[in-house]
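Each chain gets a letter, A, B and C, in the order it is written, and its residues are counted from 1.
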Amino acid sequence: MSVLREMLENLLSRPITILYPKEKVPIPESFRGRVAITDDKCIGCSKCSLVCPAQVITMIDGPREVEFKGKSFARKKRPQVKLYKCIRCGICERHCPTGAIYLKHELSSSGTDREVVIT
Amino acid sequence: MTDPVFILLYIFIFPGFFFLISYALFFAYLDRKIAARMQQRVGPPIYQPLADLIKMLGKEVINPNGVDWRVFDAIPLIALAAVMTAFLYVPVLGYSPLAFQGDLVVVLYLMALPTIALFVLGWLSRNIFSAIGGIRAVTQLFIYEVPFFLALLTPAIMAGSWSITEIVVWQQHNLWIIFFQPIGFIVALIGLQAKLERTPFDIPEAETEIVAGPWTELTGRRLALMDLATDVSLVVGSALVAALFLGGPMLPWVLAPFWLNGIAGFVLFLVKTLAVLLLLSSIKVATGRIRIDQLNDIGWKYIASAAVVQVGIVLVINYLWVVP
Amino acid sequence: MPEVVVSIGPQHPALKEPVNFKIVADGEKIVRLELDLSYNHRGIEKAAEQRNFIRVLPLLERVCGICSHSHATVFSKGIEEIMGLEIPPRAQYIRTIIAELERMHSHLLWLGVAAHVIGFNTLFMWTWRDREAVQDTLEEMSGNRVHYGMNEIGGVRRDLTPAQVEAALERLPALEERIKKYVEMVNSEETMLIRFRDVGKMSREEALKYGAVGPTARASGVDYDVRRDDPYLAYAEVPWNVITDTHGDVYGRTRVRVGELWESTQIVRYCLENLPAGPIRVDAPKNAPKGEILSRYEAPRGELAHFIRTNGTDKVERVDIRTPTLANWTSVAVCLVNQNIADIPVIVAAIDPCLSCTSRMTVVNRVDKEGR
């Protein structure tokens, strides 16, 4: 009979569904969203592209003078992420020595622009 | 009352086919919405059943291999026509102008037709799931039909008439029949639920067991019409139960202008059918499906005996208390 | 009525994953059945051999969507044992919390599916609604609802902040309330009892003979749980009970699962309240020494085993995954005989099958020498 009581309670209360595109879903602080790169911090070490399980990070040309642990040197490459293949595991973020590559707190990541799918 | 224009209007516009179909779609919406809210969901928007109907009417019709397509086309039409005809004898605005002695029996048999249609459909489909579903449908028919008929015929015994309208008039002078026959009312609700193949008794179309049972091979307009037939029988069944047990669309006293009676009757019709729908939806939400052998057990052991007991009680009441 | 062959699957509304039963039925009674598995070979084991230890974990998490943490944990547990790493207690506790939350969401999901197969959609909606609380906790802790990505060789990747611990503890009482309600419903709701009682009965001897694992075996009175009998993670330190039942039917399996739901909430509560301080990982070497190990783990569905062989490189030489569903299939085939056709989905759902996880074996027909 607990079923009947709960049915009645539910009938008189509001539905619990979140109507997604109209209402926003709460995104927690620790959410693993789409990958973003702060190019200023990147030293071009290629570690992210080596650990990426889905192999979506490739190193492309991006020569620039960078500074790391007091030493300054010239980097040759910078990472590029194909977001449409990214599994958002966050391993690149975990292994990045400078915190240049990170996951944003952003739920939706679909779009038709090239910038949306390739960082 | 015998004006042919009036009769045609009654049959086709109000409260005949046009009203019936709109009301059936609204009923389907309300049924889904109540179920959804009881499960704390949002449920469909109000135009959803109509949108479904229109969409399915426009979809491609697929003929299964080796199936006689004429019969396949005809069966949903027969089912729909049967239940829509049944509605004409159920009082909506107080009286039904087409009423005659024995229309209760006609309505009951017309309402049994969709089940037979489903059985034939399942048998013709050349599909193992449909065949099993068809057999289950007809097995279930044998189980619930006897108590359902008994439960709906007891008001007739009590009122001493085979006409639904006359039973309603009898209730206008006396009390609602539900006060004399609570057991019969419950049996009628259970029987109606089984007839409409709704949740504890959706054995013939058990989705997780036999796909969709006899409905498996239905596509396009056939599916749309069959769906509509189910929705319409929900309305007809609720209206029938409301008329036979809850006093139907009639106030216990007569209002001054003649047309005011009609409006009051219509409002009563809406309120009473919706009350029956609420009960049916609650049964649907609160239960899971039972097995056909368990239904056989429960149906013959308890439901049928309850109906017979009810008939006995009514006969005793009739003997002791001579109806004025 | 003559015997009819009902072919169920690989596409069927009751089975969300590909499997095929050819059921020979006499009227509504099942006479015998043929099982056909492995429609969905995904080549995960071979792919795992080609990735190093950092890159293999996300792949193994994707063996199963529901018990993703189980596969990652059992693998890292095995590799850590080969490497001889001692995992810090905080990491052990975090892994335990995620594992038990995963068990809760899996069992709630199962309860909903079991209700759905008997057409009791209301309970299905309610359990899946309450499962959202568990999923929200998991999302808050790990950043994702399904593939948590918490494990790495040598510990866990993310630490739990005090705010996360507090939020999880805040959600627990409401969840416990709901789970209590489900325990009551399972034991008293006539519409479920009538379909679950005496359906798919399996005695203790049969369960042992056919090698059933997990809740399926425990419902038949087999008192066996890897968490207690071969303790790993923090289970040795946490007070909890193994739930067993003597009914041996689907009703018993439901009782075991709702009992485990309750135990899981208590384990999570204990772990959250007694979370030790300290580091969350140790540095793991790049290569693992040569070795072989059979790593065992109590996944929500039963005992999960990974056989791992390493050869001194940063990749495994062989990993063999034995999922609990594979161990439970034989018991289904036995349980189904002499049952009603209407009970097929109930009995199949009662072991909580996860078919695509299972589809990785080679069946060799010794008589015809044909591999498949």
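Things to note:
We take it that a contact is a pair of C-beta atoms (placed from the backbone, for glycine too) under 8 Å apart; a residue touches a chain by one contact, two chains touch by 3 or more.
Not measured: the values here are computed from a predicted model.
Chain-to-chain contact here is organised exhaustively, every possible pair of chains being in touch. Comparing each chain's Cα centroid with the centroid of every protein Cα atom identifies chain C as the most central. With respect to subunit A, maximal separation of chain centres occurs for B (centres as means of Cα atoms).
Between the CA-based centres of subunit A and subunit C the separation comes to 29 Å, rounded to the whole angstrom. With centres set at the average Cα position, the gap from subunit B to subunit C is 45 Å. The mean-CA centres of subunit A and subunit B are about 55 angstrom from one another, to the nearest whole unit. Within subunit A, the positions touching two or more other chains are listed as 3, 7, 16. Under the contact definition stated at the top, the residues of subunit C that touch 2 or more other chains are 122-123, 126, 129. For subunit B, the set of residues that touch two or more other chains comprises 38-41, 285-286.
On the side of subunit A, the complex with subunit B involves touching residues 3-4, 7-8, 10-11, 13, 15-17, 19. For subunit A in complex with subunit C, the touching residues are 2-3, 6-7, 16, 28-32, 51-54, 87-91, 94-95, 103. If you check the complex, the residues on subunit B that touch subunit A are 34, 36-43, 282, 285-286.
Contact residues on subunit C toward subunit A in their complex (touch as defined above): 51, 54-59, 122-123, 126, 129, 136, 139-144, 147, 149, 152, 157-158, 163-164, 181, 184-185, 188-189. By the touch criterion stated above, subunit B contacts subunit C in their complex at residues 38-41, 128-129, 132, 199-200, 202-203, 206-211, 285-294.
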